[in-house]
Amino acid sequence: MKKIPVGVLGATGMVGQRYIYLLANHPYFEVVYTAASSRSAGKTYEQAVEGRWLIGSDIPEGVKKLVVQDASDVSAAKGKCRFVFSALEMDKDAIKKLEEEYASSDIPVVSNASANRWTEDVPMLIPEINPEHTDIIAAQKKRHGWNKGFIAVKPNCSLQSYMAPIFALIKAGYPVKRMIVTTLQAVSGAGYPGVPSFDMIDNIVPYIGGEEEKTEKECLKILGTVRNGKIENAAAPVVAAHCNRVPVIDGHTACVSLEFDLPQKDKPSLERIESVWTSFRSVPQELKLPSAPVQPIRVRHETNRPQPARDRDTDKGMAVTVGRLRECPVFDIRFVALSHNTKRGAALGGILNAELLYAKGFFD
Amino acid sequence: MKKIPVGVLGATGMVGQRYIYLLANHPYFEVVYTAASSRSAGKTYEQAVEGRWLIGSDIPEGVKKLVVQDASDVSAAKGKCRFVFSALEMDKDAIKKLEEEYASSDIPVVSNASANRWTEDVPMLIPEINPEHTDIIAAQKKRHGWNKGFIAVKPNCSLQSYMAPIFALIKAGYPVKRMIVTTLQAVSGAGYPGVPSFDMIDNIVPYIGGEEEKTEKECLKILGTVRNGKIENAAAPVVAAHCNRVPVIDGHTACVSLEFDLPQKDKPSLERIESVWTSFRSVPQELKLPSAPVQPIRVRHETNRPQPARDRDTDKGMAVTVGRLRECPVFDIRFVALSHNTKRGAALGGILNAELLYAKGFFD
Amino acid sequence: MKKIPVGVLGATGMVGQRYIYLLANHPYFEVVYTAASSRSAGKTYEQAVEGRWLIGSDIPEGVKKLVVQDASDVSAAKGKCRFVFSALEMDKDAIKKLEEEYASSDIPVVSNASANRWTEDVPMLIPEINPEHTDIIAAQKKRHGWNKGFIAVKPNCSLQSYMAPIFALIKAGYPVKRMIVTTLQAVSGAGYPGVPSFDMIDNIVPYIGGEEEKTEKECLKILGTVRNGKIENAAAPVVAAHCNRVPVIDGHTACVSLEFDLPQKDKPSLERIESVWTSFRSVPQELKLPSAPVQPIRVRHETNRPQPARDRDTDKGMAVTVGRLRECPVFDIRFVALSHNTKRGAALGGILNAELLYAKGFFD
Amino acid sequence: MKKIPVGVLGATGMVGQRYIYLLANHPYFEVVYTAASSRSAGKTYEQAVEGRWLIGSDIPEGVKKLVVQDASDVSAAKGKCRFVFSALEMDKDAIKKLEEEYASSDIPVVSNASANRWTEDVPMLIPEINPEHTDIIAAQKKRHGWNKGFIAVKPNCSLQSYMAPIFALIKAGYPVKRMIVTTLQAVSGAGYPGVPSFDMIDNIVPYIGGEEEKTEKECLKILGTVRNGKIENAAAPVVAAHCNRVPVIDGHTACVSLEFDLPQKDKPSLERIESVWTSFRSVPQELKLPSAPVQPIRVRHETNRPQPARDRDTDKGMAVTVGRLRECPVFDIRFVALSHNTKRGAALGGILNAELLYAKGFFD
């Protein structure tokens, strides 16, 4: 099979580097195009990230010598790549505009950025949860008059650790009324240079700008329904989030207490919940997408797990690990969930989105 | 004024060292006696902690040359110290028995250990919250037939960061029905050697043995009432705790969401809450106890505070710092609270207890 | 090919776990036997490491259900494994005695422990440097009257980062007269629980017991010569070591200044040195041993490399990465070298030793 | 005594904040003037550092409400402050020019910046080592035609940990020929935001731009001699430095191996060296300058000290702590030295310089 040529926008930033790294031997896609700010444009990729390549020791061979293009020059990408991954780090409005320009030039955009997350005909995908949201793309194309181009996004990394467990419960017939979530988030989520080390040695920071709002809101779009050319948000669960930055490189941990929207007698037992999680499978598993975890939710029984350093890389860094499932004196249950924020929560999650779109024929 | 001679049991452990350090120039008390396990007994204090003195660079001069006694030999302490601070690190039953032996030998015990926290006539003191719980001591003495001896304890360090804010609200007429608390706790809380560095570099551990149970339960005794020779627990708030160990040396942070037990119209505004906290004063402030903070609850307005590294030492490490007060989409309010776990939460809290007991004449 | 059944002694400790993990899909060897202290004996491996499995999320499937044996019961291993990896963590004399018992029972011991490093007929192997030291095994067997059993060891992890670069220079005709080395060593080198986190957050410890002596001395045996049934130490280089513990999980870094034992005119240029390093290959590469790095010494040109987090995993964690090669105002040259202390420096280094011994027919 | 009004240039950066903090209750000096970039100008100091006050919990009361001035507007400072501390963080040439403008406006500059360190009539002071270098100020004033203004600087923080021990030995008659130094430097030395946390969690960086050159060169000016209107550099010792960034907040550690320039028989014993260090006193001690340590060099005997977390605050953070003094197999002796980089090595060192200049009448 001939691989599909793809581009990476924002290729020199931390998430961009992750894309480059993870796409190195991808069975479907091949990075043939990199673009970044005008500062990097014209340099080889190797030169552009000189002294700040952050993912392992070496840049993948195939990308080292690619000449970085100016991301704002959409025409340069035309004819070179079938679609682009967007890991742009710019002003939100600028990203929105630029991603739309790519789409209008027949270049679909699979984006990691938040700029288009709230556009109501842009799907915000977690392939295990809402693969059918790709149905909205037709409406999106129609609205813009785009031919082949479109935009699909992924949600914030902070909610990836608990969305799959929540969704699995909802899908199994246990709707969640409300939940209180406290996250302990890794520094890679802030990009590079990101959080100063002066703030992360012998310290935590109980605040991440914009994160709590995203976590509380994006949840509802992901659980929403495609109807009348829009994605209509779900009404529940109500989420209250406390987001903290902690001195961890990769892996977001979430402490969750939740209440079911069910009469007491219909609430699931802890055993039932574990069984729902362990057996949860979805479209990416059925389609055997290459980046899909075999088992999306892993349950651990050790008292002190999940831990970022031990569990983040489970199943290619794409599984969510859940542990400490127990009753909650205030709500119904509580547990700890963990996912790899730059794999599942960013670049590899974006790649999985692209794999889903590819499997559904959106890049044909 | 002649200082009162005091002893420190468990003097070589981390909390014991903190006591030695903090009592160095205390206006009331002077450490004249140190005791630890039989392994240390007979050595000078300096020799006993050789290579593992953990608090600043130097052992206080007055203690260096004291010969460490065997803590299990209660008779050695008789006549030497008016009371002892207990920072014993042994099996719980052994601590309970030993603390009672000291008390029965006319040596009051101001304890940091958890062994006697649930004895129903032992006060578990936070002097700003329940100073009147010292009233139970008479019943305790009577039950045991003790003359001068008695036991008073302090609660677990994990709840110190939010107990004062909660209590201030309750006292101001805003009872709390229930709360969900997630703590990010410092490694010094686990003593020394404590948590392995292999678990605390690029990692957090979402579990601390016994901590959640303590946090959920001790709260109710502290808010309880002395009645009929017992401390009767309060009925509320119901607490659900998620306790995490994070790579911070000192300073426990708590993310709190809480619900008032009030009709909507009677719930306090955020402004009112801040005002309650800022103006909160109690017995230790009235008595001007030397280790009491001038202002027990400090409110910060920066979006990213409190932080352990910046705020733990506020007001001698005895103030609780609260920040990020905001509405909670699930309950009524949420906030972040922080206190110094080895000062307010352990040794200096114990010293404040002793100062209260002293001021009330319990050591006469 | 049928795999050779092997055992791991000290299987529950940190290095033992590394062996289990790294041998999971080894082409030659299969772990069929695990042994540890009597405390673990009788439990399944999974039970024995419950709550303290430290290497990734899961224990390899094939080992989970093995019943851990008492390492001191040599007879239990007989007939079960062709040889054993020793990762024993006991008193040195006890290890020495026990390893000899295994050897005398026809079970060769490939050891990670320091107990037998200074036995003069025990080879201390780094396969790229002194593969011919296996010649001493015949003398060792003869002295003890052993038949199939023997002991081979690996050196301390602290010198692995600079030994290969030094050796490559010596072999290329540039003898080293003396060198001053300062190491920044990872906490995994201290085992588990190892270094307390209280000492490794916002701190470094400029001392590692016994490490400087090992580093200074072992170097000379490794560079020594097999003669008259002994390994005779090399006379140079003279090494002065400063060993520090730093808050890094894996990867020892060494800052090296060295002086050649050559007239000024014969000293190599920096270019020549780089070329010597880059082209260095040895017996493991020729034999294509499965754990051997393709290129044992990697040279980097970025000003700020090597760094543990970026470079430790280069070439399966078996390559040494060298950077910052530059002239030294005091000696001739200086550079920074880095190797993975629990892969190259411990378990995978031990496995490479076993692969060499296997390739040479020592397990037949 | 009425306090001398002083200003702080670069008052909002990390070193500037340290000055503000440390001058809070200074017996001689009072901060009445703060200046920073034009971005901060016009705001109160409190507003200007909102959300990034880094030194303890609170800004000193007296400074909170000062309106920050534009540092480039020298005229604004005239008449307001008797002298200024410069903690400017700008382009080096711009700093040089600006510091000279202040000096030419009759405002002496006590600088932390490196811009004027190599001006040959600017003294680079460590008051315990070269207090007589203030003699050069007359020549400096004369060259520029300045009246009251002048510039005095302090050296780089990296060498402060070993300069005092070296100087004490030289002064006692034990000249040092050459030394190899490896530093483990704290992140506060890089200012704020400084080193990204992504580089300092589970990692060290074996490179600090420009640091090795400074360490190797500044040493010689400090040990130099005022002659003919210049400071003539010393010829020895020759220094080779390896500078590393490690995950420590404050406190630079140096591992030093050194060779005396003496015949073997005249070299000092370890006992003699310790005695030289312990008894070392100098001009700041004689003058009882308020920020001077009582004992400039502290020697520790524990095997694992000095450590940043334990020893950096010794004697107000102004003492150098030395430990692990032992023989060196390559040179004569080796040891570990530690100093607080933002107290002794930056702001408090600058304040001590000002105290010396004040005591000598330079601000009259």
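A, B, C and D are the chain letters, set down in written order, and residue numbers restart from 1 in every chain.
The rule is short, and it goes like this: a contact is a pair of C-beta atoms (placed from the backbone, for glycine too) under 8 Å apart; a residue touches a chain by one contact, two chains touch by 3 or more.
Chains and their UniProt names: A, B, C, D = aspartate-semialdehyde dehydrogenase.
Please read these numbers as outputs of a predicted model, since none were measured by experiment.
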| item | value |
| --- | --- |
| Taking each chain's C-alpha mean as its centre, the one farthest from subunit A | D |
| Option reproducing the contacts of A-D, where over half of them reappear, out of B-D, B-C or A-C | B-C |
| Selected interface, B-C versus C-D, where C-beta contact pairs are more numerous | C-D |
| Subunit B and subunit D: spacing of chain centres that average the CA atoms, whole Å | 40 |
| Interchain centroid distance [CA atoms averaged], subunit C/subunit D, Å | 42 |
| Separation of subunit B from subunit C, taking each centre as the mean of its C-alpha atoms, in whole Å | 47 |
| Overlap residues in subunit A, where contacts from two or more other chains coincide | 54, 199, 201-202, 247-249, 303-304, 309-310 |
| Overall pattern in which the protein chains touch one another (line/ring/star/complete/other) | complete |
| Residue ranges of subunit B touching subunit D (in the complex, touch as defined) | 50-51, 53-54, 56-58, 201-202, 249, 298, 300, 302-304, 309-311, 313-314, 321 |
| Subunit B residues touching subunit A - in the complex, by the definition given at the top | 178-180, 182, 184, 199, 202-207, 209, 216, 238-240, 242, 244, 246-249, 253, 255, 257, 303-310, 323-324, 328-331, 334, 336 |
| Touch list for subunit A against partner subunit D, complex | 14, 54, 187-188, 192-202, 247-249 |
